[in-house]
Amino acid sequence: MSGAGTNSMGRRPLLLSLIDGKGWIFLAVVAAAAVLVPLLNLAVPEGSAFHVPTYVVALLGKYLCYALLALALDLVWGYCGILSLGHGAFFALGGYAMGMYLMRQIGPRGVYANPLLPDFMVFLNWKELPWYWHGFDSFPFAALMVLLVPGLLALVFGWLAFRSRVTGVYLSIMTQAMTFALLLAFFRNDMGFGGNNGLTDFKDILGFNVQAQTTRCALFVATAIALVLGYLVARYMVTSTYGKVLVAIRDAESRTRFLGYRVETYKVVAFVVSAMMAGVAGALYVPQVGIINPSEFSPANSIEAVIWVAVGGRGTLVGAALGAVLVNFGKTYLTGALPEIWLFALGLLFVVVTLFLPKGIVGLLTQKRQQRQEISPRDESLAAEAGIGEAGAVEGGKA
Amino acid sequence: MIPDRGLTNTVLYLDGVSKTFDGFRAINNLALTLEHGEMRAIIGPNGAGKTTMMDIITGKTKPDEGDVYFDGTTDLTTLDEASIANLGIGRKFQKPTVFESHTVADNIRLALKDERGPWSALFGARNRIAPERIEHILEIVRLIDHHERLAADLSHGQKQWLEIGMLLAQDPKLLLVDEPVAGMTDAETADTARLLREIARDHSVVVVEHDMAFVRDLDCKVTVLHEGSVLAEGTIDAVSSNERVIEVYLGR
Amino acid sequence: QETIKVGILHSLSGTMAISETTLKDVMLMLIEEQNKKGGVLGKKLEAVVVDPASNWPLFAEKARELITKDKVSVVFGCWTSVSRKSVLPVFKELNSILFYPVQYEGEESERNVFYTGAAPNQQAIPAVDYLMKDEGVKRWVLAGTDYVYPRTTNKILEAYLKSKGVAAEDIMINYTPFGHSDWQTIVADIKKFGSAGKKTAVVSTINGDANVPFYKELGNQGIKATDIPVVAFSVGEEELAGLDTKPLVGHLAAWNYFESIKTPANEAFIKAWHDFTKNPKRVTNDPMEAHYIGFNMWVKAVEKAKSTDPDKVIAALPGTKQDNLTGGTSEMLANHHITKPVYIGEIEADGQFDVVWKTTELIPGAAWSPFLEGSKDLKADWVELKCGNFNTKTNKCGGASN
Amino acid sequence: MVRLFALVLLLVGAFAGRPACAQDLDAALAKLAGASGYAEIDAGVAALAATGSPDALPIIEALGEGRLYVDPQSGVLVLKTADGRTVDAKSGAAVSANAAQLAAVRVNNRVRRAIESSMGALRLVAKDSAVRAAAADAVFKARDPAALPAIDRALARETDAGVKQKLTEAQAAARLMDGATGDADKIAAVAVVSKRGDQDALSLLGAAGAQASPAVKPAIESATATIQSRLALLENVQNVWYGISLGSVLLLAAIGLAITFGVMGIINMAHGEMVMLGAYTTYVVQEASRIYAPGLFGWTLPVAVPLAFLIAGLVGVLIERTVIRYLYGRPLETLLATWGISLILQQAVRSVFGPTNREVGAPSYMSGSFDVFGLSITYGRMWIVLFSLVVFLGLLAVLRGTSFGLKMRAVTQNRRMASSMGIRTPWIDTFAFGLGSGIAGIAGVALAQIDNVSPNLGQGYIIDSFLVVVFGGVGNLWGTLVAALTLGVANKLLEPFAGAVLGKILLLIFIILFIQRRPRGLFAQKGRAVEA
Amino acid sequence: MLNVEAIDLYYGASQALRGVSLQAQIGQVTSVLGRNGVGKTSLMRAIVGQQPIARGAVVWNGENISKLAPYDRARRGIAVVPQGREIFPLLSVKENLETGFAPLPAKQRFVPPEIFELFPVLKDMLGRRGGDLSGGQQQQLAIGRALVTRPRLLVLDEPTEGIQPSIIKQIGHAIDTLRKGGQMAIVLVEQYFEFARDLCDTYAVMDRGQVVLAGTRAGMVEADVRQRLSV
């Protein structure tokens, strides 16, 4: 008997206590990818078997962006029980901030050769740049906005919702309503974000051609770094006492209050950090895929992100990232290989994962530690968290 | 209404408190005062309003009318749960509620008295809590062998103990303990009484129980609630020989 | 045996599958037929089908995959403008060829893209002309889905109508979201607008799915074509197949092709289509014809260039001629648009269109509209000027650097 | 057109007077048969109508319905009768003609209008009073002074009060546009029109005002103002009705979800696909009717409703048995699984029925509209509103009036304990999910009337459905009803000011803010029980 | 009669019961005693089927019911008052009681009036949601609910928890009456030693997942039992 709490934090060096076994594997894989992929793309000649084609670099870059988004989502969902069905909104806002910067970089090279206005504005007879477009020609400003805009939205939304104790499905559906409202708003051409067509036809980023092979590799590496940083930040948060409080909130929100924790501030902090991470993911995504358009706000996209997390394993961080990469790889592969019936395959995959891997892929790997019975109390607490606890009554007692 | 000067010495002051749920008066013009360092046992029939009273004190329920003051000056009716807890009011719930996906040790860790803000939780002292403090408490509540288990896996009685441990860890000025010995063996009950008496030396304690032997062990003033207001108050012997108390509560 | 690969980039799932799946099928048919004729340059053609799933970034990704991984020589694909915009940079970067078969808002001419659908001047303007002259329409409702194609088309039409002396209060413009399904208020508004005593018509750029509930509501509120005709640019045979057309008889559509036009070429095409799909009820429509024209032009250009090398094919395409299905010969122009006839058809009870008007000659597609401020000075010419947006005022090729 | 109309009316007069002239008919038919271009066909119709021959009406009718052909060899007009025989247009004698060779006489909107008005006038003296009323309405809208004599005559003969009123209005309209009518008559006419008070009256007054004499003008102006204010009021009422009908659609879409999600706690992303299955069932039923029993088309919806319930319900049962039942106690995972199922169902329908829209028609009782106090209500919408209420009440009865409802709620609140109370939990789960799915299927039948029947149908409703259920308060059926109607009406009241897009955005923001005040929906459960 | 034959029960990897055997005769009360966490509740769950057993058998009236679902056991006359009350929070008191109708034939579907005599408060609160009741009221409801099913085996897991003394006495009387009716076997888990002792015919004391002491009330040595119950 070693006594309680020997593994408590603060006794071990920070990094060691921060990262567990699967974390190391994850970091190693991402780091290896960050080094190898550009190397094999740039240094190995095209004919060689080891050459990584540029399109694969772009593809992997996209997956990593999704992985970061999934990570952000897992932080709030896995650890704090906030099932956000609107995280795509933060991703898209980050994307738009970056997109606006990229648009401004086009300068007079647009089809109408207007030095100030992006093509779609000329096209719709806009005479001057709307005020909210100012400043986006500067990268630092845009980068700031990538963090600030999603963060601010999360702050306002979160502050309102958490203070009013909107929880469970109510919160989920409100996040969905939020992203849906943004979707409709960005669709409107009058909003000045290019309407349905969105922002596209980018030329330069920081003076480098976005389509150049080297730029792509650089963007890939930047994404990998962002993912690692995102992982470390998230990991730091969840392993600190803060993370324990988050989990406590997830399990029994009101009990946490009676211990004196301000649940709403804890939630808002997690939500804002998560939104900023999602924003960064979106910002890195845009130059790599070459377009940002309102469909990124579509509720289905956000739901898909939730699904990546679930497939990988909720509440594991690494699992979220893994799920994002795997599902998207599956999608890429299946849409090419089985274009006519890939939805069957994907749908089946989701069903099978839920039935046979209740804790996701990562759960499968670490399963032996916690085999669980059919209905254990913890499942019920999950139910309560989803707001299903109160879902039972069609008519209240007094109806 | 601000309580008069003489009451500033009270740790808890309730007066004229009422609470109605859908037309049902659960608390009815309730008055209760608790001195600093006092222990008080509260008994009363099921549904008398004991738990509701605790709900009102801890901010879970807002009273329809009446004064609720802590430390003589702080109006509790205007504060939320977290602020009240941070004033130094801790509570054990009637139905044990613990953090099921945390280990027993972490449950205690989260309860330990310390800064409660997210910054301190992220960067501050909360990450450097000495394990001895946790061990000490687990020792007291006899869960030391279970410290690594998830709270979800505890039996009902073990959860009761864990909640008592969390209350101890919180080290509040005022402890509200709702049915602490339900589901404990007689020996454990006696232990718990001893533990509470010890705590009461430098804390104020309100205990709700139906176990008369336990209440007797506590050896303190007893308040009997009935239909939301005080029916009788006094020593255990005095109240248990009160005819009304026998009629509505103890039975013959 | 070595083959020439042809990429097909149409959504087979998601919201656009409704429209695009047919185009994938017609491409497969055309390729099969060409192979029966011996293929191209002595090689067989091989179709590579992918599903971009109505997801715009996925369009770009799949385009990249087709070009770099599958090494296709040409891609036929896209429907929405945004999907085209999404793949554009990819085609430019990797220097490949895209044939785009759908009517669109114009304002674009790219070296790597060939636009076989109608530009606004090949659809919208003739339709309005017809209504004005033949139906005596004086009041106009421009109803559209809120995205770039309707916005632009309506801008062009508004300018055009005003130039014809239509007063501002006689034009009502209305935008709705994608997939709008509750049309009660708007149809009632149209009815109200139309009861001001002047002959009124609706010019609809309502997109895709929203059309069915729109027409159903028109029928329910009893707006008949004889009262307020609706002329649509996105409603073709395929869309009508999902509607009970009896209440809609007489409403109009403007296209460059109708299945009902009786020419030997068209009849052969329809027969081949029915045989290929083994479904005698499958209808044909305008974008299918656009692919037919585009595909044949590409074949001719490849044969002319004796190579599938994109640069050579791009150079060979302008000037290529191809008989269209409705009688007449379309030509690929230097601005990468083609010449097309314009037909106005009235909806018939059997879900087909009855052509009530057509242009006497083929109309050349214009990339840039003279009715728009920003583009009236622009000119596209990939043969002489090698520029898609040459500014005739400054004599410079705008945005040429890329 | 006006000219044509005059002709027709002349001829209406002629009916009473002299017998039709056979040569006129021959000439007119020849004209029609030889016509090239719409203008000539138009003229042919006019000539035909002008003959006043009783034989003209069926020919014009056939033309309007596209059943009139020219035999290119003989140049004779033939028509196909309703039962498919080919007969000589004039004599009605059967002719044997090669159907493929016959060239249809073509119509466009212009010709169609001519046909309509000529038939309208011909029908002013028809036997059926409904036909006469419709004809009078058409004449009102045409407001042609030349029609005055015919109207007067018809008025004199008219016995039906309703038709008489309509004829009076038509007369007033014609008088207002007539230069020859005196000011006093005109002012009287204004009064008649003003009483009618609808959009058509307003547009008539607008047109009349332009050519009115100074004496009449004030009357017209004040009448216009009255009508306008009345219409403005009416418009609000009309918008509320639109809102209710939108609300009923939302209710239908959401009500099944109120069970699978609201009561059972399954985050059922495949709900929309159940609605879609119901819609496709309707399509299949109608298709079968089209092929096998065209006469029974009106019955397709009553047949489709139970069938859709069964099919969607069975699919629901299947899903529950194979997937969902392993997920109780893991509500969040149901999101993942049902999302997968929804993809599969979508693709399955796409594979079976193809990706394009399928045609679901409206039986006669579902089409058209009627007026109550100037409010125009379409039959389809009215039935849908009623239908949604019936479904709602039916469900309410099942949940409150039967032990099934109680068991279902017990099972979701505490599965283990419910089982120990002797409730067959698996059965309850299966039936409940089947019921929710079945009701979604029923909704599909109704939604097929107003929306696309395509594999994407369900996706269009899923977000709104969740929003409605949550806004109303999860688990509260009344809440679902109120939420659906509130959202519907709010949407429709916002739309005229903000437009469809902005209106929807504002509504979403409103909901988000509203939930801050009531974090558990409109009909929130409160108290200890909820937190327990 | 109930016969629990050497059952093992696991929660995941951890074993909660090791070869536990227990008998309960019709017309008798069998008390199960033990400290916290020794496996009493686990044993009850095994009997009513809320937790599967790994080995051994639960035999009720000669039938091995080990594999039956809880609702099938309920249909064979087994009812449970679980630890922690587990009432349906959003159902009204009336509805909570009516859940007990499920295994009953139609003519027995009413709440026996004795239940309201025993717990008058339930009658006053029929319309209130179960979850709104006070702790003790919920416990009374849980007992009442079990009695609605007219059980022949009644499993009571700490039924007096949170109940006021006068009603505890009444519950004692009620259990006594039920026993005397001779129709019912009663298994009672109780920490309140005197209560358990006074009521039982036979008893079993558990420790660490095993039965360590068992016998009839007559042969009970109180000191031994008390020692097992203290720490």
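In order of appearance the chains are A, B, C, D and E, and numbering begins at 1 in each one.
To be clear about the criterion, contacts are C-beta pairs under 8 Å (C-beta built on N, C-alpha and C of every residue); 3 or more make two chains touch, one makes a residue touch a chain.
Listed by chain with UniProt protein names: A = ABC transporter permease; B, E = ABC transporter ATP-binding protein; D = Branched-chain amino acid ABC transporter permease.
Keep in mind that what you see is a predicted model, and the values were worked out from it rather than measured.
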Could you tell me which chains make contact with chain B and chain D both?
-> A, E
Maximum number of contact pairs occurs between chains A-D
Most central chain, Cα average position | A
Measure off the straight-line distance from the CA centroid of chain C to the CA centroid of chain D, and report it in whole Å.
-> 30
Could you please state the distance in Å, as a whole number, between where the Cα atoms of chain A are centred and where those of chain C are centred?
-> 36
Between the Cα centroids of chain B and chain C the separation in whole angstrom comes to 74
Determine the centre-to-centre distance between chain D and chain E, using the mean Cα coordinates as centres, and give it in whole Å.
-> 62
The positions of chain E in contact with two or more other chains are 11, 88-91, 95, 128-129, 132
Shared interface positions of chain A, touching two or more other chains = 184, 187-188, 254, 340, 343, 374, 376, 390, 392-393, 396-398
In chain D, what residues contact two or more other chains?
-> 346-347, 409-410, 413, 416, 459, 475, 501, 504, 525, 527, 529-530, 532
Touching residues (chain side chain A, partner chain D) in the complex = 83, 157, 160-161, 163-167, 169-170, 173-174, 176-178, 180-181, 184-185, 187-188, 254, 299-300, 303, 306-307, 310-311, 314, 340-341, 343-344, 346-351, 353-355, 358, 374-375, 379-380, 382-383, 386-397, 399
Complex contacts: residues of chain E adjacent to chain D | 48-50, 69-71, 73-75, 79-80, 82, 86-91, 95, 98-104, 129-132, 145, 149
Chain B residues touching chain E in their complex are 21, 24, 44-48, 50-52, 94-95, 142, 153-158, 160-161, 179, 182-188, 191, 210-212, 248-252
Touching chain C in the complex: which residues of chain A?
-> 53-55, 58-59, 62, 106, 108-114, 120, 122-125, 184, 187-189, 195-198, 200-203, 211, 289-291, 293, 295, 331-332, 335-336, 339-340, 342-343
Of all residues in chain D, which touch chain A in the complex?
-> 258, 261-265, 267, 269, 323, 326-337, 339-344, 346-348, 351, 399-400, 405, 408-410, 412-413, 415-416, 459, 463, 466-467, 470, 474-478, 501-502, 504-505, 508-509, 511-513, 515-517, 519-521, 523, 525, 529-532
